[in-house]
Amino acid sequence: MMNNSRMGLGSVVVATVRRELLLAFRSPGDVINPLMFFIIAVTLFPLGGGADSAFLSGIASGVIWVTTLLAIMFSMESLFRADYEDGSLEQLLMSPQPLYFLLLAKVLSHWLIACLPILILAPVFAVMLAMPVAGILPLILGLLAGTPILCLLGAIGMALTVGLSRSGLLLAVLILPLYIPVLVFGTGMVSAALDSLPYTGLLALMGAMLVLAICLSPLAIAAALRISVN
Amino acid sequence: MWQWFLQLGSPRLFYSKTDRYLPWLSWITVILLGTGLAWGLAFTPPDYQMGENYRIAYIHVPMATLAMGCYAMMACFSAGYLIWKIKVADMIAKACAPIGASITAVALATGSLWGIPTWGTWWIWDARLTSTLIMLFLYVGIIALRSAFDSIDSGARACAVLSLVGVVNLPIIKYSVDWWNTLHQGASNLSLSDTAANPPEVWIPAFFVGFGVLGFFLIALILRTRNEILLRERRAQWVSDLVEGNQKESGHA
Amino acid sequence: MLEGQGLFCERDDRVLFQHLDFSLSAGQVMQIQGSNGSGKTTLLRILCGLNTDYEGEILWNKQPIRKVRTEFRDTVFFLGHAPAINKSLSPTENLRWFCASRGVSDNGNIPAALATFGLAGYEDVPCYVMSAGQQRRVSLARMKLIAAKMWILDEPFTALDKRGVAELETMLATFVKEGGALMLTTHHPLQLQCPVEVLDLDRSNDEADSS
Amino acid sequence: MPEFQFQSLAEFFAMGGYAKYVWSSYGVFALMIAYNLIQPVLAKRRIIKAQKARIQRNSA
Amino acid sequence: MLAHRQQKLAIVLFIVVGAALAVGLLLVALNEGINVFYTPTEVSAGDVSQGQNFRVGGMVKTGSLVKDGLDGTEVNFLATDFCNDILVSFSGPLPDLFREGQGVVADGALNEDGVFRATQILAKHDENYMSAEVKASLDAAETETAEVCHQ
Amino acid sequence: MMNNSRMGLGSVVVATVRRELLLAFRSPGDVINPLMFFIIAVTLFPLGGGADSAFLSGIASGVIWVTTLLAIMFSMESLFRADYEDGSLEQLLMSPQPLYFLLLAKVLSHWLIACLPILILAPVFAVMLAMPVAGILPLILGLLAGTPILCLLGAIGMALTVGLSRSGLLLAVLILPLYIPVLVFGTGMVSAALDSLPYTGLLALMGAMLVLAICLSPLAIAAALRISVN
Amino acid sequence: MLEGQGLFCERDDRVLFQHLDFSLSAGQVMQIQGSNGSGKTTLLRILCGLNTDYEGEILWNKQPIRKVRTEFRDTVFFLGHAPAINKSLSPTENLRWFCASRGVSDNGNIPAALATFGLAGYEDVPCYVMSAGQQRRVSLARMKLIAAKMWILDEPFTALDKRGVAELETMLATFVKEGGALMLTTHHPLQLQCPVEVLDLDRSNDEADSS
């Protein structure tokens, strides 16, 4: 009865992405909460700092980057928590398929679910925060390259802390320092563009970081998960 | 009257009663909204300062009022659920949240659209605008909270507490224009004299739209509540009968 | 097939087992016994490679298991305390992803597998409306979907009612008779139609203590 | 008695130069109404479908 | 059982005292006045110092509006609260509602000449809506009413 | 043997505070993580926005307030989570003592543990962010009056979500809207002071909010907890 | 003392019990029986006021319990599935806070209470180094510290070893003989030196179903 035809790697990745999207669709909180956090937190800054447009345009890129970063970091909670608690993680670790690609697929789906909506909204908020038009493109490009890095790094942190019942701010303390380079380059791109300087160099750097993160972090995530289920 | 109210407390009676009232309500709403909107859009003289632009008022004002009204209603029903455990009250409160959120969003959007030409900005962090935005966030928070619970009862009670906590925002929205110097205008004074500020030809169509929008709100609320009843009472015999009946109807059609 | 030599494990300064030897070959059943907290689950997880805090040697087909992890994982099916069922998904969706994550296609026999465990008609309801026993059945249905040569089951009878237990026992017996290797823990008195080897962790530990 | 305030239909649609704002406001309003009426109707269909499936499952 | 009564009483007392305190503090707050913008009277009373950013709100004094510059985007006008005036200058696009006799809110700072140099002009609408004819007839019938100054 | 002499309300409150402080002392993460988060997040903004002092002094009060607010919000996790999981919460709810004061004592201790260190550090960071000296006092006063409000409101949110396994950003979405007024008045005080305007009105308002929060939020917290253990 | 009249509870659309009547007076023991998930814990929590989703009437000293909550709480001691022990604190610290939170002073008899449960010498070690059984004992030591007239215990024997079980049974019997009222659930065959009344939830529900 069990005529197990093997599946290629591609279809495993596709199946993982499908499952994660399905889950997000079933519990919309995973999609909506990071987005709402982003929206509310971005509005906090004009409230807290005064609302004249000169001031706002000065802080716009920083605010959007920092808020995105926080939203991604705290959204990480939903990446492995449920799988850890119901035992799916053990099954994943027992799977003969290479964990590397499975984890990459999982993080990719998380990016699609939690970050893409933010990415789409970010330019709108940039405009609301009176960012000059010249800054929008580098902002988007930077976020496009930077947010996957943030997800991958965050996944490492989450994998390390998933076994602890109260991770909360511990995750933040572990991961935020790693996020700093991304933040610096991301906002650097915008301010370069606003000073009408070329920002391709920074973008390339960000791209390099992205490629490195994609290649290396699944290894770290896998190692961390094995430690956590132990 | 009290009897009638009590009947609405039973899901089944709520369902059958609203079945009866819905067509009437729909017709009244269509008529009110139709005349009101047409009147406001085309038959009211333009404002001496803002010209045609002020026709946005016929949407903005009722939406803003209704947004607050909806929140107040949600809070009342929440309290009703917390105190007397009336299940229908919670279903209504649940239905209020998404409707209220969309209405608040429209009030914000139309306010912004109106603000661009009149004020010279589409957004300013003044008290009324900010507190309205907070109300939108509260609505979203309540929706999110409910969807986070597996157990219906716990979710219902948690949302009830949150909506009651959020009630403090209502007086802030309402009186912010009096307490602070806001860019937003204060409350209008209405007069029947047609040479006064805000003469009847300005506000009568607004009344039509206002009641029309109220009708729409009630319809949307009832529709959602009925769905919720079907879902939660799915094990009751009358729901099964209803569904079977539906089947037959669609079979005939 | 699977062999342990001189296994030793301590947790929080308490020795769970030491000098533990066993061997399990195809067509055999081994039941791990012991009181609560004696280390049954720990042992199974060590064998599966989920726990790495142990000393001693584990052999798989005569080779140190470290070297043949992937082959081992390919032929072993493990079921732990937790059902590994996502409650927001339906049984079909859960099982489909399980197959994919094992790298095999489900070939459309998920409904059949569910039916074997008495879950016909429940293919598409979300798992959170199912009782603990039903969720357990979904979890067990995995066994029908992949061609594992060895099953490692940690308290598989949990949450099953009497009929469920009897059915599962028949299924386990059939599996063993067809040449599968089975290793399980259970607090319930096992009634299989085949000889069962028992590995008692309490005894092994006491012996070691007294020695 | 209220009378039509515009000389022509084109002028009506132009809204004295404020067309963008007025019509998008009314548009947002209409969308909101449509959403709030259509969503429950679709939801009801979905519920009834699920309910029928449940009844069939139970009777089978 | 008395102990429980006492506990309830303690809570109620606590809340009552708290509410009284809150009301007192609110009164203090309202007395101090919490404003989003300043009136010309407050500005001329020296509530704000030169160079700092703030908002001023008032009416565009009738007859004070001067448009400068080639395209008329440079404007000067007096903002008034009917007791004091302040000279405001601004260059840039103006909102539609900006006109004499109409409410205005300006963002900016006082320069060394005591002129309010605005970076943004917002027009404030009042609570009156009426058609042009009504307005005309109203204006005709209107008797001059003295505006009362609030200090 | 059981000669139960009754204790007064005061000693119950003292005992609760003592327990919480003891716990914080035993698991220093509760104290250190919020503080570290505050420090890291505050430093993110100069990194994200450029570091000239005119710019910094413009954003200083906003950044400090927003970061404090986020730190407090995410530190709430540790307020009821452990008690919920080990069953202490049930015992608390079964206690014949008035929950009102017990909860007040708990939140007060949380404020001492998680907020006080931040409060002490805030002026230092304000100076580092080039805030003019005139702004420091209203910043401190504002934080002193505002952070307990944030703790109390946060406790309501936490009490509502403590029963959920994956709350994550949900807490933020629930609570941030309620935080907005505190933020507005808090930063308003600083900017009023920087414009050499009186800020006593705002301070009084904040005080009124604090008193109201102290009086009313224990009721909401208690109700929410009863729902959560249900 | 405690009386239930026509209690009804459903959870997730499943009726746990209905038309449930019972009454418990001083000097009596009542054991709630039923299979897993039959609603024992739920019933106890309802009686304690921790759960409010029920219909029917609960009387405490002939008065509706809603009206006499505080008095009820003052005289009842409840112990649930979870031990309510903070692992970072020592037994003494845990118990001291427990007393304070009940509003009674501990009068220095915490060490004595711990000793009764065989924990002499463990007063000041942090609870996380203690085994599950020892933690359970700390939890049980509360009973010795407050003068409750009624104990409601949910599976009090969990994690206790044989001697612990016997000791606890003696203690329960003494409590009842001294006029206490006891209500408990347990899957373990109870051997008390006093008559035990049994409330079977499985049966009550079946009867109701068939009626």
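Read from first to last, the chains carry the letters A, B, C, D, E, F and G; within each, the first residue is number 1.
In the analysis below, a residue touches a chain if its C-beta (ideal position, glycine included) is under 8 Å from a C-beta of that chain, and two chains touch if they have at least 3 such contacts.
For clarity, every value in this text was computed on a predicted model and none was experimentally measured.
K.L.:
Give the fewest steps needed to get from chain B to chain C, where each step moves from one chain to a chain it touches.
P.N.:
When the steps are counted carefully, the minimum from chain B to chain C is 2.
K.L.:
Looking at C-alpha means, what's the farthest chain from chain G?
P.N.:
For chain G, the chain whose C-alpha mean is farthest off is E.
K.L.:
Going by the contact definition up top, give me the pair of chains with the most C-beta pairs touching.
P.N.:
Among the chain pairs, A-F has the highest number of C-beta contacts.
K.L.:
How many angstrom lie between the CA centroids of chain B and chain F, rounded to a whole number?
P.N.:
Measuring from centre to centre gives 34 Å for this pair.
K.L.:
Go ahead and note the Å separation of the Cα centroids belonging to chain A and chain F.
P.N.:
Their C-alpha centroids are separated by 27 Å.
K.L.:
Using the average of all C-alpha atoms in each chain as its centre, how far is it in Å between chain B and chain D?
P.N.:
Computed from C-alpha means, the inter-chain centre distance equals 15 Å.
K.L.:
Find the geometric centre of each of chain E and chain G from their Cα atoms only, then give the gap between the two centres in Å, rounded to an integer.
P.N.:
Centre-to-centre distance between chain E and chain G: 65 Å.
K.L.:
At least two partner chains per residue is the criterion; list those residues in chain B.
P.N.:
Answer for chain B, listing residues that touch two or more other chains: 44-46, 53, 117, 124-125, 130, 137, 140-141, 144, 148, 151, 153, 201.
K.L.:
When you check chain F against every other chain, which residues touch at least two of them?
P.N.:
Chain F, residues with two or more chain partners: 6, 82, 85, 96-97, 166, 170, 173, 176-177, 180, 184, 230.
K.L.:
On chain E, where are the residues touching two or more other chains?
P.N.:
4, 7, 30, 34, 53, 120, in rising order.
K.L.:
With touch defined as at the start, can you tell me which chain B residues reach chain F in the complex?
P.N.:
Result: residues 82, 125, 130, 134, 137-138, 140-141, 144-145, 148-149, 151, 153-154, 157-158, 161-162, 164-166, 172 of chain B touch chain F.
K.L.:
Please name which positions on chain D make contact with chain B in the complex.
P.N.:
Interface residues on the chain D side: 2-6, 12, 15-18, 21-22, 24-26, 28-29, 32-33, 35-37, 40-41, 43-44, 47-48, 51-52, 54-55.
K.L.:
Can you tell me which positions in chain F touch chain E when the two form their complex?
P.N.:
That would be residues 6, 9, 96-98, 100-101, 188, 194-198, 200-202, 204-205, 207-209, 211-212, 214-216 of chain F.
K.L.:
Which residues, counting only chain B, touch chain A once they are in their complex?
P.N.:
Interface residues on the chain B side: 123-125, 130, 133, 137, 140-141, 144, 147-148.
K.L.:
Looking at the complex, which residues from chain E come into contact with chain F?
P.N.:
Result: residues 3-4, 7-8, 10-11, 14-15, 18-19, 21-23, 25-26, 28-34, 47-49, 52-54 of chain E touch chain F.
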